[in-house]
Amino acid sequence: MKRPLRIAAAALLAAAMIFAIGTARAADTLTIGFTVSQTGALNVDSLAQLRGFEMWRDDVNAAGGIKAGGKRYQVQFVTYDDQSQGSHVQQLYTRLIVQDKAQFLFSPYSSGLVATAAIISEQYGALMMSIGGAEAKTYQLGNKYLFQTYTPADNYLTGALDAVKQKKPGATIALVYSDDPFSKAVANATRDQAKERGLKIVLDESYPPDQADFSAIINKIVSAKPDALLGGGHYPDGATLTRQIYDQKAGLKWITLLVAPDSGQFATLGPAALGVSVPSQWAPQVTYKPDFGPTSAVFAKRFQDKYNTPSDYHSAGGYAGGLIFQHAIEQANSIDPAKVAEALNKTNVTTLFGATKFSTDPKSHGLQIAHQMVMTQWQMKGGQLVKQVVWPSAAATSPLLYPIH
Amino acid sequence: MHQLRQPFFWIIVVFTALFMAPLWDGDVQLRESLILAAIYIILASNLNLVTGYAGYVNFGSIVFFGLGGYIGVWLTVEGWSLPAAALVAGIVVSALAFLFGRGILRLRGPYFALATIGVNEAVKAFVSNFAPWGGASGIYISLDSYLPLGGPRQALWTIYLLVVAVMGASLLLSYFVKASKFGLGLLAIGQNEDAASVLGVPTPFYKAAAYAVSAFLPAMAGAFYFFKSAFIQPVDAFDLGFSVEIIVMLMLGGQGTVTGAALGAFLYEELRGRLLVLQNFADFQLVIAGGLLLLIVTFAPGGLMGWVHGRWPKTRKFLP
Amino acid sequence: MFGLLASIIDGLLVGSVYGMTAMGLTLIWGVMNVINFAHGASIVAGMFAVFLICRALGVPAYATLPPILVLGFGVGIGIYWVAVHRVIGRAPLMRLLSTFAVNMILIGLGTALWGTVLFNVQVDVPGISIEGYTFPGTHLVAAALTCLIAALLYLLLQHTKMGKAIRAVAGNREAAELVGIPTSKVLALAFGLGVALAFVSGALIATMFPFTVLSGGSYQLKSFVVTVLGGLGNPAGALLGGVALGLVEGLTTPFMPVSWTTVVEFVLFIFVLIAFPRGLFNFTFRRR
């Protein structure tokens, strides 16, 4: 008999909330559609991003909605599970626009899925905020309605290269990365950047995104005797690689992997996680002075309280993406996509996430050109694994741990 | 061409014409649902030639669709017009299928089924490493490529009409093959290959020909589909799970029948579209498809059309 | 120089586990001409069984193997009566599709239950390090256990009444029926045995590598390759096929990018299937 009671209580509460919002003048809603990878290889990072979106939505609605053209719009989401599969993304985004009448779109998570979804914004003239699609190529195809909030993939590993060079000029590097659009774009850029810095790449290997056994690759790493390992991909492969490097004692002095170590879950790898670093779009410790919205510290605390899990750059990116979108609507003072796009073209702001400015060059329209990255590293603090900002030095919360083994 | 006087020929013509409905009032929603149904019908109908008629289970039929998509997309990026690129994709994939078919069709039953999985995985692994096609990152289509078709939005209508045309062609192909001597030979192979061979059916050639023919239209459909997507990558192009779903469609409608392949594909698209958007039930898409398949296999191996034909034997004649 | 040797040794260790994953598949094929497409799901079930039992009882991972064997046996017999029994002797299409359907159902349920997050079973077995190359303890133990289990399977098939019945049914079902062997029950037992082997191999893999609900697919594909190398229907061949595949991986990886090994594997797969449809190591127990 407990269950019906609880449902009744929840219904009452919901009714009360609707009433409360109703009295604050409701009626006008703004529908934003997007897909989330609830399942599949990308779900860890995609769900973090979803929480960022939801927290922004709740904040906006609690504050009375987005102001535009003398009205206040409550934000409403329509979402589907894309199962981390590109083939579902297009079908679902089309449905979001055509059937669910979404007025604006957020992107799915990851470069591969954003590449698949991007064309929809052109086909239907819908504005899409891209959050979590770092690969730059998607923004160089001539899109007019796509805006990227992340630093493009080309710059992911520059910080790691600089850090390694500072600690050991002329260090040797193993580049081992997943065969997906994002990681490959990072690797292609890193190859040239390493050369510019006089760092030699002694091993250059890619592996399929669903790789489960890295022992062959680790043997090659041992044979090549590099100082540092750079690369990785997304969560499952990055975490597996980390564990096997530890099991097989590969003897690396430095490890920077993409995406995976940023997740709080990475700490479950225990001692294998120690010293592993990750290029990060954001960290809770960064101290940007936001033009609007909360500071990083406030966001991180509220996020922790709300979801009982630490925030990471995917969740902060989701929240900031919402903020920037809201700012553009308020600047445009309209919910007409063309006018909002115009406002986004002019956007030049700082939020908790850092600086944001979009390219207006027709060849790379919508590409992010102002945002900077940091690098975080898993370190021991009071007997516990925590992520510390270690690069750039100016923003560091703890000195860089080198060598890690 | 005595088939032109058969009612079923006109049923196909009318069915295909009904797909023009979205043009009436520019109904985008209907168009998007029907284009997927059309693609499923193309894939299921062509799979039917090898699996339904000749009894060879092709688990990897998606390789035709994916490879056609790659060739088509690559050629359009190189500046070819879409229909020409799709045609070349169809011809090349068909030719490859014929060559490969001579080899793997020597295998029977489960051995052949395993080989088709191997072919799909080998091609997927190869394309993932093939730099001119972008390897695992795939090929991106610039928006300029849509200008000849009137921009990205207008292009959707053109692509839709092309896909519907390929669907009509697939249905007619299934029908004409079934009514021909070639089709009879395939059905004989499906019943008892050794007996067919003894009775003078040139089984190796027939099998390879059926395999090659069944590759042509799916390859063209792949070119259109991935051009519409503006992006192609190996995991989407050679998705083994989707390949199996096509078999489920065929089994649902009734393998070996022209109507069944189309009906099964159409119904499956409806079902999948509904399940995909159910919050928290998307995972159950697999469970339901699997449960459906198990029920059909164990209790109604003839599928829907098998049941209809059994219930009303006269329908065999005008709904083959 | 030692790098190549290390790569080969590791290939052999992992290869023996591939062989183990394929043994169950090939046993079922040999006895009843059914390719168990629910093999991948069974492997994943074994992985989750280790994880869940370890978490619930806090016992070491290797202690869970006997109960998992029993569990897999029961599940296998269940699958047999639900999905396989009715399609034996029917057209190849039906025989192939029924277990595929079971696979879809199990994977779908698994995804609904656990999502697709990565699970990790912590096992601490010291490895052996030589000249900087480390052979992880988990790989060594898994290879040793594989050999042990293969030996037990051999004894079971050759020297027990159940094994003799299974071999009789595999050789000639009608004749076995005539001499009074309850063939349906024997088929169910054989299917249960095959699935039990898949469960245990999944459990061993879980001690070596982290896994998700979807991990079974790639091991199932590897099992197909191994089975074809070793000859369909031939458990001893499967073990050799697995070792051969591991050897191929070990030999090729030092000389070419790792992402190309998949291409090599599947091209080899198709080639062997066409050129040697009975496998490379065909000393089958069926015809004896």
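As written, the chain order gives the labels A, B and C, with residue 1 at the start of each chain.
As a convention for this text, a residue touches a chain if its C-beta (ideal position, glycine included) is under 8 Å from a C-beta of that chain, and two chains touch if they have at least 3 such contacts.
All of these numbers come straight from a predicted model, not from anything done at the bench.
**Q** Averaging each chain's C-alpha atoms to get its centre, pick out the one most distant from chain B.
**A** In terms of C-alpha centroids, the chain at the greatest distance from chain B is A.
**Q** Give me the two chains with the most inter-chain contact pairs.
**A** Chain pair with the maximum contact count: B-C.
**Q** When the centre of a chain is set as the mean of its C-alpha atoms, what distance in Å lies between chain A and chain C?
**A** A distance of 38 Å separates the two centres.
**Q** In whole angstrom, what separates the CA-based centres of chain B and chain C?
**A** Spacing between the chain centres: roughly 32 Å.
**Q** Which integer distance in Å separates the CA centroid of chain A from that of chain B?
**A** 37
**Q** In chain B, which residues are in touch with two or more of the other chains?
**A** Each of 125, 128, 136, 283 in chain B touches at least two other chains.
**Q** Can you list the residues of chain C that touch 2 or more other chains?
**A** Correct list: 111, 217, 257, 259, 262.
**Q** Among all residues of chain A, which ones touch two or more of the remaining chains?
**A** 38-39, 179, 206, 208
**Q** For the complex, give me every residue of chain C touching chain B.
**A** The contact residues of chain C facing chain B are 29, 33, 35, 82-83, 86-87, 90-98, 100-105, 107-109, 111-112, 217, 221, 224-225, 228, 232, 257, 259-260, 262-263, 265-267, 269-270, 273-274, 277.
**Q** Note which residues of chain C are touching chain A in the complex, please.
**A** Touching chain A: residues 3, 6-7, 10-11, 14, 111, 115-118, 120, 122, 127, 129, 132-136, 138-139, 208-212, 214-215, 217-218, 249-250, 253-254, 257-259, 261-262 of chain C.
**Q** Could you please specify the touching residues of chain A with respect to chain B in the complex?
**A** Those in contact with chain B are residues 38-39, 80-81, 83, 85-88, 90-92, 94-95, 98-99, 112, 115-116, 118-119, 122-125, 137-138, 141-143, 179-181, 184-185, 206, 208-209.
**Q** Where on chain A does chain C make contact in their complex?
**A** Residue positions touching the partner: 38-41, 43-44, 84, 179, 205-208, 210, 212-213, 215-217, 219-220, 222-223, 235-236, 239-240, 243-244, 247-251, 265, 268-270.
**Q** Quick one: which bits of chain B touch chain C in the complex? Just the residue numbers, please.
**A** 51, 55, 57, 59, 103-104, 106-111, 113-115, 117-119, 121-122, 125-126, 128-129, 136, 240, 244, 247, 251, 255, 283-294, 297-298, 301
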